[in-house]
């Protein structure tokens, strides 16, 4: 299934956001997630289904001013 | 009938704003009028009825910055 | 003999500046001296004669900016 | 005879500054003159002798701020 | 002169003058005439049927033959400002309105939220709105979206005479709205302030107190008109480049050697 | 207008203009005419018998019918300056001399020691000395003692266009010499600088580069003349008092209640 | 030290430091440690599952043992800012958010309309909002109404290093909100700018580029911390009154007569 | 820290403090100790044999264990200043002298003519002269020629607290004398002024009134010491480049797309 991860096309097999993160090597990473522009809290990743073409944003802490 | 003209109580006999202006010596004066905070255009003064306690504002050109 | 000490008239008996300082209670004080506008170093006070009307300046450390 | 006119070597035949100016094409020009750094007023040019190597400055009005 | 017009009106004199606080009507009239301003600001105030002060004032202004720009001075709410604008349009017979929605009384700073809302209502209703605003670029953009064709950022608090308190902000505003007529409104105290505003590329300045409260208001009005024209001309003429160090103006070449 | 005169000369136009660096003699002439200046600065430079550039220039200036103020630009020593002054007096037929004794080449700052000495020599010799000086009050006093009747402190380095770098110093100088004609000479870049100098109570401004190097020198000359007049008029008219906070210009009394 | 707290947090060090643009993580860490700042700003950016740059950065920050203030830098809409805030709260485990809603890209000026709306949404949702705003008093009032307990007006455009472009505006804001913790955020370039902000009575300064882009960021961080503390202490100590003219510091009385 | 020394003396603390006008000797002592200054200025005044105020003061200063820099405050002539210097050398046992030759009493501006003459006499006589001067580059050069190894231009009139009135002049002086220790002496009112002077590359600041007349002189002394160190560190660390417009500090790359 094709999804857009942080702006780039990716092929993954995943039913939920949780599975998608696994498949995308984020496993244990400290990240925040959004699907199609909506924030998905950590504890809802398991029940958040992912479908063809979904835009997934995976963000982590970074330098800021 | 008591009305409030420019913030001061006045006793007048008048059914309409036009009559009120007459009674209040504005006759031919170039003024703009409002009743209870609503602008009353010149050509509507005749059909605008005045009732006890109405707040009438009669404004004229003045210095401004 | 009348001298002017720091701008004020004083009566003293003294032949030299050294004696004058004694007479004027400066004894052991840490001060710098001038007579009639000329600096008199410490070691010349003994040989500096004072005469009627001399202007003696006796200065000490003071607050400064 | 060699003179230095406004910083440049020139060969002229002249006994006085007046003659030198003639020889140097200033004839009727409105100029001020100095020889060896000293101002020579107009009416003294005739009696001011020029000798080998003299530095002659011939100045005229110019733009200024 | 800048090609920019103010709602189609090409003001020859880029000094706009307020009409308040003059020692006398005669001095006001004289100041307006001798400074040759094309537009003055006026307001609406309560008229007494007996004294009719307003009638006399209006007569005076009409005789001056200048355009009038009524203001909504002192209005703190959208409703007040809008109602005042309507009354002004009827009395002064102009759709021009200097829109003031005051948000704070120590600085007389505009309430930019109310300002944008009132500007939208009034432009929709056919008014030509001259908004008294800040240097805020986003507010400026919203005012343009609302239909304003002129922006009037403040230079300093009304009547303070401080001049241009935020030159950076004024410069940024000029750069951000290259095609919009911009007027520095309020806060100017000296002719050099007017020159400076025009040198920054502003299209006009609007002031009142600096002239009315001067020792000689007529002379000061003329001075501001001159300084405004000077600043505008300088901007158009193209100023020299500022240099860090000195550069001789008198040519160095050809200097005599007189040592 | 200020009653002060400049060695007895009452300048109607308080803008004094330099004559260097213009794109062409025609533009110089036009700038002088259209700005209606009464006095221009000139210099002396080496003349070539062949080209005679100076003769043409002098002809041009004479036709302008303005007073000339010759300078000693570029002189670094008392002797150079004094000799140059003598040569200028003969050629230009005036005892007026703008005395420059330059002490440092990056800033073209005057050498105040040489300046005072040269001023004494020249005034003793009958010159009317216009000294290019700093804001130094003691130097100013010595120049007056030497016989100068005008002082010309710099605003900023010659040709820099920075404006008034030390407003405090200029203000202090004005206060210290209330009766002396003071001219801000050098460093101005914009008309607002000229207005500001005059608003401080200065009697005239002298500049060159800001006009000559402008995109349109003629327009800029007019702008500076306007701004100078404006600043002078403002100083005489008596400016408003600056306020910390706002004060409504439009009367608050009589405001309608429209809520 | 000012009794004011920041959402109950009493910051001992009133310098808040950004974490971006340092030559290396080690230098960032060193700058934070040696300047002893208590709070740093951070952001959220896209993480690559492979490189995991963010994990390392977050580890570094946690080891510094300072509070973090996540920002919504680069957000131009309310929705973006709100969503980013939620994501930040989860990742950083703090309800503190530096709210930026950018309205214009040349100045990075805040969109005060979006700012107020986002502030309301976020405070209603339990966030402690630190809004990056302008000197606009009405906007400040609306932000407080929305529940903000801190205001952060800009000093100058982000990363410009210009310092305090509108001192009047900052002073007016301090006077208008005497009890609100105020932070000058963005635009500072030199320690003297930080001192000046604190001398005006501000409660803290927030900056990044001036330290990160300095030749020696660690030394500059210490310098800013010193200057910030100095300005704060000066404000509390009560500065001398400024005088127009001189007043001898050394006593005149008792001076010798040595002529 | 700048390698420059002051007559061979490497001052760790670049804040030099005056000792006059404090509420009490105890507060003076505390201010000196807590700000950790290395050098203080003192003067000579008439001593009464009875009261001996000077003896007590001198005892206090000696116990502070700092170097003293005696001044010639209030001297208006070369002779006065020279005689005072000699008396100071004997009493204070130092050849250091802060040379003041006052030329004008409203500004306490130095008389640069008398200053140079007195400096020459005193250096010839073995003194280490710290001249209180102006930003005049030529005067500075003559003082160096006279043997001075330090220059102390004023920031503003003594005791005025105005700060740096002529930043251009100070900058030009720093550029013109790259290897000479330069001290801004007099006129500072706030720590930010001290930071600014050091940021300009000055080597030290000397002040008195701003500390002594503060509400809390001890706290203010510490503040000035911090600000001076901050400004010095900033100059050495290398400040960022000032930008006309904004530049995001938080990286733009990697920003989420959340619309």
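As written, the chain order gives the labels A, B, C, D, E, F, G and H, with residue 1 at the start of each chain.
One rule holds for everything that comes next: a residue touches a chain if its C-beta (ideal position, glycine included) is under 8 Å from a C-beta of that chain, and two chains touch if they have at least 3 such contacts.
The structure presented is a predicted model; accordingly, all values stated were derived computationally and were not measured.
Least step count on the touch graph, chain A to chain H: 1.
Path length between chain D and chain H in the touching-chain graph (shortest route): 2.
Separating the centre of chain B from that of chain E, both taken as means of CA atoms, is a distance of 33 Å. Centroids built from CA atoms put chain D at 92 Å from chain A.
With each centre defined as the average position of its C-alpha atoms, the distance from chain A to chain F rounds to 72 Å. Touching two or more other chains at once are residues 6-7, 34, 37, 57, 59, 62-65 of chain A.
The multi-chain contact residues of chain H, meaning those touching 2 or more other chains, are 18, 20-21, 43-46, 71, 73, 79, 83, 87, 106-107, 158-159, 162, 172, 208-209, 245, 248-251, 254, 256, 258-259. In summary, the structure contains touching chain pairs A-G, A-H, B-E, B-F, C-G, C-H, D-E, D-F, E-F, E-G, F-H, G-H. Residue ranges of chain C in contact with chain H, taken from their complex: 6-7, 24-26, 29-34, 37-39, 41-42, 57-65. Interface of chain F with chain H (complex): residues 103-104, 106-107, 109-113, 134, 136-139, 141-142, 156, 162, 165-169, 172, 175-176. Residues of chain C that touch chain G in their complex: 6-7, 34, 37, 55, 57, 59, 62-65.
The touching residues of chain H, when paired with chain A in their complex, are 248-251, 254, 256-259. Every residue of chain F that touches chain E in the complex is listed here, in rising order: 18, 20-21, 43-46, 71, 73-75, 77, 79-80, 83-84, 87, 105-108, 157-162, 189-193, 195-196, 199, 208-210, 212-217, 219-220, 222-224, 226-227, 229-231, 233-234, 236-256, 258-259.
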